[in-house]
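Below you will find the structure I want to go over with you.
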Amino acid sequence: TVKVGFMLPYSGAYGTIGQTIENAFKLYVEEQGGKLAGQDIQYFRVDDESNPSKGPDNANRLIKRDQVDVLVGSVHSGVAMALAKAAKDAGVTLIIPNAGADAITGPLCSKGVFRTSFSNWQPGYAMGPVAIDKGYKTAVTITWNYAAGQESTDGFKEAFEEKGGKVIRHLTVPFPTVEFQPLLTEIASIKPDVVYAFFAGSGAVKFVQDYAGANLAANIPLLGSGFLTDGTLEAQGASADGLLTTLHYADNLNTPRDNAFRASFSKRYPSNPIDVYAMQGYDAAQLLDAGLKAVGGDIKKRDQMHEAMSNAVVDSPRGQFKLSAAGNPIQDIYLRQVKNGKNEIVKVAVEKLADPARGCKL
Amino acid sequence: MSSLIEAKSLNTHYGESHILFDVNFKINPGESVGLLGRNGMGKSTLIRTLMGHVRPSSGQIKIRGDDHTRSAPHQVSRLGVAYVPEGRGIFPNLNVRENLLVAARPGVNERNDWSYDRVLETFPRLTERLGHGGQQLSGGEQQMLAIGRALMTNPDVLILDEATEGLAPLIIAEIWRIIGTIRETGVATLIVDRNYRKVLANTDRCVVLEKGVVVHEKQSAALIQQPELLTQYLGV
Amino acid sequence: MDVTTYLIQCLNAVQYGLLLFLVASGLTLIFGIMGIINLAHGSFYMIGAYMAFALQPLVAQYLGGGFITTVLVCIVLAALLGYFLEWAFYSYLYTRDHLQQVLMTYGLILVFEELRSIIIDNDVHGVSAPEWLSGSIQLGDLMTYPTYRLFISAVCIIVAVFMYWLLSRTRLGMMIRAGASNREMINSLGIDINQLFRVVFALGVALAALAGAIAAPVSSVYPGMGNAVIIICFVVVVIGGIGSIKGAFIAAMLIGFVDTFGQILFPQVAGVLVYIMMATILLFKPEGLFKQG
Amino acid sequence: MTTAYYTTLIIKVMIYSIFALSLQLLVGCTGLISLGHAAFFGVSAYAVTLLSPEFAAGNLLWLVPVAVISAMVYALITGPLALKTKGVYFIMVTLAFAQMAYYVFHDTKLGGGTDGIYLNTRPELRIGDAVLLDISSNYSFYVFTLGCLIFTWGFLTILMRSRFGAALTGIHVNEQRMRAVGYSTFGYKLTAYIVAAGFGGLAGVLYAIKDGYVNPELLSWEQSGIVLFMVILGGTSRLWGAMIGAAGLIFLQELFQSEAIFGAFAVHWHLTFGLTVIALVALMPTGLIGLPKQLSKRRGKKKPSPTVRSATVH
Amino acid sequence: MSQTLLSAKNITRRFGGLIAINNASLNLNQGAVHAVIGTNGAGKSTLVSVLSGEIPPNEGQIKMLDKDITDWSQPDRAQAGLGRSYQRTTIFPSLSVHENCRISAQSKHQKFWNWGTPHTKCDFTNEAASHALELAGLSQFAHRKAGLLSHGGKRQLEIAMCLATRPKVLLLDEPLAGMGAEETDRMLGLLNDLKKEHAVLLVEHDMDAVFRISDEITVMVNGCVIAHGEPEEIRNNPDVQTAYLGDEA
């Protein structure tokens, strides 16, 4: 048997996301007949509460108490940082199904750490060319004053300015404040061509609502990283209509692979929404499967397994992808637009975008 | 005529320590009773038990004929019992005016002798301090306030536990005069005071406590004639 | 910053300050005046918001009412909840060390959060503002201002006036303050302090729930929303001077301004500005701006 | 191998015991309730991490003192200001100072921002080239932490038994009277504040070494809150209440989170844990340290319980 | 009369608009009990607080044995030998009666660098505490929790704590309040002994006691000193009679 430990948020703001990832992971294993490479899979799980200061202890629960072979987690970047450190120290394989901190597949990259989601830089960078294509010359970026937001807006700025645009102001709100009114007023007085925003969860809901409430959208279009509108559309209601965002997934890719995945997932978990998190969790299982297959299910041959995982081609619902040397997906980033409560694909914003993995020595 | 307050064989404990032993005690309407005893003999404890702040471990308390052994202090108070505790119990975070008004209410049978104005007339010193916080008053001012506040409830029994502590002689004289007036209006009083002569002079009957036991209960006038008793129990 | 922007920012600041006051108003009662260190205040706010979200369809179906009816239902239910909680959990803590309140209310937070997650879920939900308040007014050349925010401000002002009246113009205020400082004495004066505290506590919970319900359409409802406001509520009450409604109001306004202009003028330190302000005020006025009594 | 986990768990308990003991010096002994104690914990944790060489073992000999002193320096700067206030105001000022430290690490690049930074190699005790103490193994680190705990507890016990401790007790109960009989209470309080910061810092150092990862959340008010809850849960009337509280809180969390015991319901551990906390408060007015006394009382006699209905506050 | 230990000159203290003390002066001499009497709210307690350093005066000068101590803090003055008791009982309710006094006594022997001996084992403080308790007549209650004493007991403890610091100058704010007749007698006897070595300021409303024991009396009304003199003088002063004594004289 192979022991898989989920360290995911099951309570608090990210509680649903954690559950979705777990469900999708298990779905893939079930599709394989309950075994990966002939091995039974035994699950353990720990609620990480999205609390980085408890991260190391929670990681230890799985690594030392339950002695898992493979760790899957987490959603929150800070927790994933703790997890990466613990996994590295203990020599356990880690598959990150969401957290996007650049550093994990950057300066802190390591052989046994893989990510099936994205780096914060990726969706941000992909929005740059989109903004240029639309003819925008000046932009304002806005985000919470924390690492993920900074990385995403940096990505946008990098691409936008490479192509001749100019980010004239970078606005930040203290994390996790959701009082955006002053900065909206500020945006109205700066009058840029476009605004690029990175928020997630409740902040995303509130920001999009306030942006619409201030009626700014009519004059200054809002662009964002995909998390602005993923998992939040129900709460945002009409205020999100028409928003353009970039992400490595969309709600109507309409590829056979994606349709099969969606059908299967909604059959197994009717009440669970299918979103990017489900897809990332599913791919985490696929990646593990690829690794285990290469070593014939013998988890002891870790180095070989890691080798196989970094070379695997994952047949993801988002489209096939490979991992970069640093362990981050090289993937198409889609431009999506909110229509009828869905993030519908407009086009591929950037094809096969790889994270630059700055600082990674692998 | 039934007693206003009547306690039968009260025993009171503080945790493990036994303070009152089979105390029988009563106050009749309009009667003035003095409670004498050295420091720590249980005078305040008896009062607190009657008020309902301390629950007796056995015995019975009747007020106006009804059993109130287990009643809460506010219920006792609403039967017309007003209490001026030792240490005054001024609300430090309320000013003088509020300290008085918070207590204001008509007594039993809608009796309404003591209005805000009348209390202030009685203690003119307070008039000058209306806006001051309770904390800022001088000790004597606080004492006046405590008595005034008790009167605001228009009681039938006024319990004064060391009510003249810290007052100037003139004011003490005034207080005894007021107690006299109060007595005349038919309000019963229960008085604890270190000045036993004044107590004897201003009460109908006196109860002497010694280590939680009632050792004497006599008409005040009679007790005055027995200095040897006073020496024995009060050390004077 | 041109004049129009400046004025709009002032409006933002005032509006935010008013909202803060509304959220903190229940705490002013429970903590400021009754003296209970109630960490669970944020949970009451959260409960109000979630009730507004969950009850709206039910109210529409059974009572045929809209948003306002829902808010009223929330207030009533919250008051009942508060009454029950005081009886079941808070009443035996008054005579104990205040630190015990800290621990117990911490336990309550955990329980409420978990119940919320079990009964509703862990997602973010929007609550729609009533139709007749969904308009907006033009501000500057690009921006509009949602009418609903003005409505919130109006509610805040009404609550402020109501509380000021209640506490300084009625005897109730005196009784609560007196009870907070010396329960035994107020009892001796014939006031049933247990009952009184229960009612006032219920009122405090109702105010917190009102704040949650009213704010729900602009803030959306999400897990942890209670804990997000609890610290700032304490900051409001403490800066104002414990027990002072006027102080809390002014403190909320100050925070509104510091926060609003801090975000624009000193974005790098915006998060900490409120705390710097609190520390500074308390260093010069160690008992808050308007100490009571 | 699972023993490794329980060793780690006990190490965690010991570190939090040190942390809670240091706060007990303020809360239980001096009556200064601080909601900013995590600042010292975090400052030291960051200090030891930032000062350690990136890929080699640092030297405990100077790392620990320097990290601890950095926390004490922070206390020395903020203490005199915070001590100008009292009661709830003190709580809030300490909170404010802790939040300031929190935002320094959260919003600047100094310590890796919100992502935090790694301490890659555990430091060791070296003099010259001779390694006197190597704590890279779990067991040796366990012994080292135990030593620190005993040192902390011993130091504080002796401190509280000394005249200095008696003066702190007096200040706790009635500061006005202490000044009237001739103690300059400010100096005492400040000293206690700084000593507490030092031990809080020691706990932070150990914590950073234990996990090799520090994050701004170590300085958050939730962290300050948790250690305060530990102190209250254990009981403030005895020094060691803090240790009982730390152990109690951590083991309760561990228990209710355990899927082995509670199965799927373990996900809702906040509920069981919260209810337990409430029950403990209700049943144990003096904290966990009151438990033996209560049990013996219950077993002892069926006498009428104390009859005082409401405690008098004079 | 012997040495002047403490002298206050032209003290004024205001609380907002209220003048609590208005230009008052007085001297405390060794070997004498100086009583300060006056109407309620006259400013007597405020005067004690100003002398002891708890509240700073707005104007005026305070000297102790020719040293100007106006700017000294309260603890410094206490160290220099100024002891005070409070009108509103100010004790350590959760500690035992003996501990109350021991902590007071320890202020003269703080030695906070001395960690070797537990504070309970210090002979000096233990003796001083026991002695003070004996003087105040509380020895039998030494091991009771102070908060559980009766009101009168607490008042006695208040004095004992003041004595435990072995002050040179005693500022006693209504020490007799709340004490029974017997304890009053004892207290007066004690004061009689104490005054040989100390200077005593006695604020008191019990006129019997004041006239029995004091050597000098200052009368305050509304913050002003209206009379000063020997007991007989004061007793017969008509102003004092109308303002304060009434028919007590």
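In order of appearance the chains are A, B, C, D and E, and numbering begins at 1 in each one.
Following the convention adopted for this analysis, a residue touches a chain if its C-beta (ideal position, glycine included) is under 8 Å from a C-beta of that chain, and two chains touch if they have at least 3 such contacts.
Note that the structure is predicted; figures quoted are calculated from it, not measured.
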| item | value |
| --- | --- |
| Any chain in contact with chain B as well as chain D | C, E |
| Farthest chain (mean CA position) relative to chain E | A |
| Rounded Å distance between chain A and chain D, as computed from the means of their C-alpha atoms | 36 |
| Separation of chain C from chain E, taking each centre as the mean of its C-alpha atoms, in whole Å | 48 |
| Rounded Å distance, chain A centre to chain B centre (Cα mean) | 75 |
| Computed distance of Cα centres, chain E from chain D, in Å | 42 |
| Two or more partner chains touched - positions in chain C | 113-114, 117, 182, 184, 187, 268, 271-272 |
| For chain D, residues that touch 2 or more chains besides their own | 103, 106-107, 270, 310, 312, 314 |
| Multi-partner residues of chain B (at least 2 other chains) | 14, 53, 72, 87 |
| Touching residues (chain side chain D, partner chain A) in the complex | 1-2, 4-6, 8, 12, 103, 106-107, 112-116, 118, 210-213, 215, 217-218, 220, 222-223, 257, 259, 267, 269-270 |
| Residue ranges of chain C touching chain B (in the complex, touch as defined) | 171, 174-175, 177-178, 180-182, 184-194, 243, 292-293 |
| Of chain C, residues touching chain A in the complex | 1-2, 4-5, 8-9, 12-13, 15-16, 113-114, 117, 121-126, 128, 136, 140-146, 149, 218-220, 222-225, 228, 259-261, 263-264, 267-268, 270-272 |
| Residues of chain C touching chain D in the complex | 37, 89, 92-93, 95-97, 99-100, 102-104, 106-111, 113-115, 117-118, 182-184, 187, 231, 234-235, 238, 242, 268-269, 271-272, 275-276, 278-279, 282-283, 286-288 |
| Complex contact set, residues of chain A against chain C | 11-16, 145, 171-179, 181-186, 188-189, 191, 201-202, 205-206, 209-210, 213-216, 219-220, 231-232, 234-237 |
